[in-house]
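Shared between the two complexes below is chain A, which pairs with chain B and chain C, respectively.
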Partner chain A sequence: MSTTSGGGDDKRIFLRKASGLIRMASPFDTFIFNIGLVSVGLGVGTIMFYGPAYYAGGNLLVACIVAGVAMACIAFGMITWTVTLPRSGGIYVFGSRSLPPFLALTLSLVEITAWLFYCAIAAYWIIILGVGPTLAMIGYVTGSEWAAGAAAGVVQPWPMFLIGSAILVLSGVILAAGMKRYLLTQKIVFVTALIGSLLLIVVLLGGSRADFMTEFNLLMDPILGVENAYDAIIASAKENGWGADGADWATTILVSNWAFLPLIGAAFSIAIGGEVKSVEKSQTYGMLGAIVGTVAIWLITIALADSVFGYEFLGAAVYNLLGGVGIATPTDPSITLMAGILTNSWLVTLLVSIGLIFWMWMWIPGMHTFAVRALVAWAFDRIAPAPLGTISSTRHTPTVAIVVSVIVTIVFMALFVFTSFFKTIIILIEAAVLAWSVVLLAGIFFPYTRPHIYEKSPIARRTILGLPMMTVACALGFAASQFYFWTLFFDDVAAGHATNQMLIVGGVFAIGVVFYFVMKAVRRSQGIDVTLAFKEIPIE
Partner chain B sequence: MTLKNLHFVEEALRLVHKAEQQGIRLRILGSVAYRLHSPGNLHLFAEMERELTDVDLAAERSQSRAIRDFMVKEGYRSNEGMLVGTEGARHVYDHPEWSLHVDVFTDELNYCHPIPFKGRLHLDFPTITTTDLLLEKMQIVEINLKDIKDTLVLLIEHPVGDPAAGRESIDDAYISAIMAKDWGFYHTFTTNLEKVLGFIPDFPAVHPDEVKVIEGRVTALLTAVERAPKTIRWKMRARVGTRRRWYQEVSESGEIY
Partner chain C sequence: MFWKKRSGGDDNKLVIFFASDLHGSTVCFKKFIGGAKFYGADVLVMGGDMTGKAVMPIAEQADGSYLAFSGGRTTTLPDRDEAEAFAKRVTDMGFYPATMSEADYRRLKDDPATQDALFRRLVVERVVEWSGYVGEKLQGTGVPFITAPGNDDFAEIDEVLRRSPHVQYHEMEVTELRGLEVLHCGGSTKTPWDTEREYTEAEYRERFDRLLPQVKDMRRCIFNVHVPPHGTVLDQCPELDENLQVVFNMGTPVQMHAGSSTLYEVIETHQPLLGLHGHIHEGRGNIKIGKTVCVNPGSVYPEGILQGVLVTLAGGEVRAVQMTQG
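For the complex of A and B:
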């Protein structure tokens, strides 16, 4: 079958060597996939929640820009990788053609462990930060006892586990229905989530500090049993050690971790590299577009939230609540809650909250997809059991890999809900950043170590300062990823380096190495040399 | 002159017949199907040096699993990455000994413009219908010489809109109905048909009488397509014209995993 596309005049004809291929994800799909994995609403929520409280004095706007520039450098490196090796499977594809096989598999395992962990966190947050506060706010505004009771009920361990597991299973069901259906649902969810974010901006544009203080005091004075609750919360936080002493570069860099963490999602389309149409255009537009779009929304929202709610108030309210000191609001003082109080409208609260919930949801099937693609790629290279690569006879999707991914996330969900230790293992993000960093480092040398592959890349002839584009892009990406690896390492709030947590990360790396050598031995006993798969030239 | 890979025809027929016996509906498309459907003009393929490059088959997606098992049993190696990546829309098989590449397209041929197969495979045997064969070539935006050669032979041997010719006839009503709904396909189809006419002088092997036949059939097709009442969507899209891409982009062949 011969097919390719393009335009032509009356007697123009074309030479084609082989059958063409229709890939599923358009540039817009790629953009939505990435911006969904950034989770714009969750990002702004966490920056506003943790930023003023734990990084008093840090400039949130500058932090977002710094994180955006760094992530753009990482994305640039990843774009050159995925354009050169346009296959699905995440960093496994890149590592398997540039690094020792055991290391490639280990980095991939570390990466998907981290993403599945955060996938489960997203389901957990949907309940903790989305459903619970929304019901609570509706309870406050409408006086509904049912809503207030439900708010308290959904955050109990078993309801939380069951709802969270149902969310994770739903994600698996959507993925099992096929990529086309998944991409369609993502579009619908994206539009809804974006409406929520834009509504928040409109609400903030229409409000003022005086309006907010009046509404807040009216609602919270009787609940907290104080006069002028807004000022009382700030005063009590200061008495208990919270302070904003003006802008500080070090603090600004540290608080930028909270912007950087969600922005990592902007490069997740490397997972579906083989399914993306016009790979260079789609990946560039998809990754850089997600970064620019996200940072733009963040800057507008943060500037308006600062103006309406007040930096001091936001910091003090969270500081008191999480520290268990001073005067604290009865529920998390999230930006959603504040918007609800500002408008005194259950409808606005609901719509903004649905937006936030939908942003968080977009993490879940996206991260499941990432893991599924890696598992399938492993199976095809025979370094994982073959059933991981099998497809269902009805929907033709990799059902086994999907089920495995969902089960792993449900186990993580159980660990969050029923233990206290695993809620703190946010350090896994450092492991994932380190894994990306190693692959970006390998990318610097790839044009020289595997020239026979690189010369077939569409970017092979492009140079920057006389060096191959991939070398420069990956060097920038490596520098940016190292910068944030160490920034996260020294930030105990965002990640840190507590010994017990470092042991867990080390354990994940060790599992990866052991897994590789076990699979290698198993395959050898079957007469298969798995290292041959790593010597394949994957580009056409 | 002897063409290379003529044994592909035998293999395609063997696969289709054997599959049919097992309840698997496969139909041949592509260059092999053109040869099978134009037995009276095989000399033209030779004179125009129309080589066979691969075997293409159409199938029903609901039989994906059975098709895969069948092909593997026949000694073919399945490209599992393609199967997973396209979610069963396309199967790719290679015969390790014969250098034979087999593509199986399920439910539709989805390239520049989609050609539906679902519910149409029973209309002909062992190939897809002559109508779908023509659409298969005319949906290609970057049409090449091989496609033009195939189309010329098809049009010499098959009447347009002639119920008396049975399954040998090209169904102009069916084609017109598709074109009336999709301006993009209409544009590619009509542009390519005119291009086919423009290339006739490049093939002296085509006899002057045959040229007249081709011209008459192309005119009949174009007339039928133009006469068919168009949808509102078609008319609105026509206003935009080629300022916006009117076809689906097709990547060069590659792997997904």
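For the complex of A and C:
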């Protein structure tokens, strides 16, 4: 066994002038890529929105920490995968080296279906949690009837579908314009979103429960036609069944689903593995940094929001509104709305809202990119129609794959907006978590099943408890992903296991298998054996 | 008839397995040779840049251990067995291990001329070794191994490859291949590294002016040209500054094209059947310039993974292009 020293010696290597591959993404780039796909603001928005309302008694701070630890385990497993196979394409790359080809494709299809579904959800949330409450708050503060009317109008099905579709198309246009423009817009959006989040923290630091109650009652008493609207909302929610007696571990674990869902984005840099320089360092800092940074911001914001707005109030307001019971605010009581009420300032409302909207926006082109890369990889491997791999000669972007991805998300948007069935399901996340789980399971055995590949990995000689590092990391990741698969399975609010919804999940898997075998048959008729793209050439 | 029968049957079908830029990786080279049998290829074409980029000294210490460079730091290898295992690993990754005493290493590290001589000797030795491997594996199979030089290839390997009975090494030639023609043009346009075989666009114009008249039928001609055509996805890479660092603009890596515009014009004007290119490792893809299919398999040789392209030709047209990662 060799040992290493941390440097101090000269570099014992003689290099000559030679051209070659330049990897671009630094640890910081990787961190930005991941934290953008976590969507820090969206996480806060959904945890604070759904958490107190549907998981009364659950400790949101503990939930964030639990989700962060679990995601760190999954990231650890994914880091060992991407360090061993540092190529772009996500779990498709890992699966194609460790699993039967049909399963690799199926898992990849399941994964991108889930992420594209999340694109549509993000566009939906931009309207529901961002645009609508912002317009409503501006209407209240400025007395603008137009703003109040627009707030009510944008959440109607057709306007919502059209605005959501426009958002999705805009993402496609930016991606089609080239990677350079996409990265530039993402960095501008990231900085703006971060400023919005920091402003929210500053606003909360400067406020108090008494300030908020005063401002809220001043604004809402006449609108709701009650005295002391703050307390009235809480009382009416309790009368209608909301509430819990003290902290509850089971509920805390369930509410951690809402922290775990966005945190999955912290490992999305597996999709750009081939473009990351100093892959081990960049991916480790990029993934774990995104998890730690996100959870830290969440803990601060949630603690402050609890202190200023009150856990009971946040839960009761959403519970009443979504349940259609008791006294409810006229628009979604998002954290944006609450911050606006606290400051009674349309400018603060607007800036905090833009931050939240931009966080949600970052998901959309990010998820589109993830899907586009997979589609192009399939086309290269001839298991998808060749046009999906076509690159624009002017923009150098995979235009067809981008258009297909955008169309799929618009279809999802329609299903989400116009059908009550799809409106409540986030169940596809279970399918994606299951897909990652299978790849992590394969990673446990990879050092033994593919030793000739693993021995070239920079981590090949590292062991934990006498086992290969990859085996241990993927075992931890597999356990964590299984934990959240079952947590989501038993959480009817976040995902659940209704029969018809499980059929959808099963259907996506089935489509993947059928798609593979149909394409295999088509290609065979063209004289192409698609299995060749997946196999390693033996050295005889 | 509701469908049109393709001209020509599959009698004259030809499957080419093409890869490029292996840069000394023995494991990738062996995979490439194995690709003939594995993929059922009729011809193997290597697009150049066979030679590697770094010598890895393994310095023996007084206590019998060895010091080497690995993973960005100095590694102690406790005994000869570990040193040999290390040498095999780095050979597969494209490095040239050189076992020597610590005193020799210290002398060598301050002597660029001797380093260069060592480099060239090790490169030639590996090319000799690879040539032997080609003969061992392909002799009697009827599968030819065709190659042309890349910009990084030392001139010293030309003679070795030309002498090899198992390798068809061509530069600035048009050759015949089973009823088709192959135009061979190695090297590349100018790079920031000032490598062995670089040409200006004007020089490329002169080179093609010499080659093009030798082609009898452009519709049946394959271009085996190391550099890719300019302004396409096949030649897209990050821009570097004078210190060979990636140029960033507003935090975003600036992309540029490093191919040959002369080649693009030649392909656009003359429309050969197929273009086989390498050079830009990030430029993996296949495109069409007019009717000409152009491919670049890209390269990730340090990972021991062989990126290649299977091209099926039949009836005077490109029937299928399939990227591989073997």
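As a working rule, the second predicted complex is superposed on the first by the 517 of 540 C-alpha atoms of A that agree within 3 Å, B and C clash if a C-alpha of one lies under 4 Å from a C-alpha of the other, contacts with A are read in each partner's own complex, and residues count from 1 in each chain.
As a working rule, contacts are C-beta pairs under 8 Å (C-beta built on N, C-alpha and C of every residue); 3 or more make two chains touch, one makes a residue touch a chain.
Note that the structure is a prediction, hence the values are computed from the model and not measured.
Engineer: Would you sort A:87 into first (chain B), second (chain C), both or neither based on which partner it touches?
Structural biologist: Both chain B and chain C are touched by A:87.
Engineer: Quick check on the superposed pair: does A:41 touch chain B, chain C, both, or neither? Answer first, second, both or neither.
Structural biologist: neither
Engineer: With both complexes superposed on chain A, which partner does A:395 reach: first (chain B), second (chain C), both or neither?
Structural biologist: first
Engineer: Which partner chains sit in contact with A:95 here, chain B, chain C, both or neither? Use first/second/both/neither.
Structural biologist: Neither partner.
Engineer: Is A:183 in contact with chain B, with chain C, with both, or with neither (first, second, both, neither)?
Structural biologist: Once the two structures are laid over each other on A, A:183 reaches chain C alone.
Engineer: Have a look at where A:528 lands relative to chain B and chain C in the superposition and call it first, second, both or neither.
Structural biologist: The second partner, chain C, only.
Engineer: For A:57, using the defined touch cut-off, is the partner it touches chain B, chain C, both, or neither? Pick first, second, both or neither.
Structural biologist: A:57: touches no partner chain.
Engineer: Quick check on the output: what are the common chain A residues between the chain B footprint and the chain C footprint?
Structural biologist: Comparing the two interfaces on chain A, one with chain B and one with chain C, the shared residues are 1-7, 10-11, 13-22, 24, 86-87, 179-180, 274, 380, 389, 391, 393, 396, 538, 540.
Engineer: Name, in rising order, each residue of chain C that touches chain A in their complex.
Structural biologist: Contacts found on chain C: 10, 13, 21, 23, 27, 30-32, 34-35, 37-39, 52-57, 59, 67-78, 82, 86, 89, 92-93, 95, 105, 108-109, 115-116, 118-119, 137, 151-152, 188, 191-195, 232-233, 236-238, 240, 246, 249-255, 279, 281-282, 284-287, 299-300, 303-306, 310, 312, 319-320, 322-326.
Engineer: Along chain A, where are the residues that touch chain B in the complex?
Structural biologist: 1-8, 10-11, 13-24, 86-89, 178-180, 274-275, 277-279, 373, 376-377, 380, 389, 391, 393, 395-398, 538, 540
Engineer: What part of chain A is in contact with chain C in the complex they form?
Structural biologist: Interface residues on the chain A side: 1-7, 9-22, 24, 85-87, 179-180, 183-184, 187, 274, 380-382, 389, 391, 393, 396, 452-453, 455-456, 458, 526-528, 532-533, 535-540.
Engineer: Inside the complex, what are the residues of chain B that reach chain A?
Structural biologist: 29-30, 53-54, 56, 61, 64-65, 80-81, 83-90, 101, 103, 105, 109-112, 139-148, 194-195, 198-199, 242, 247-257
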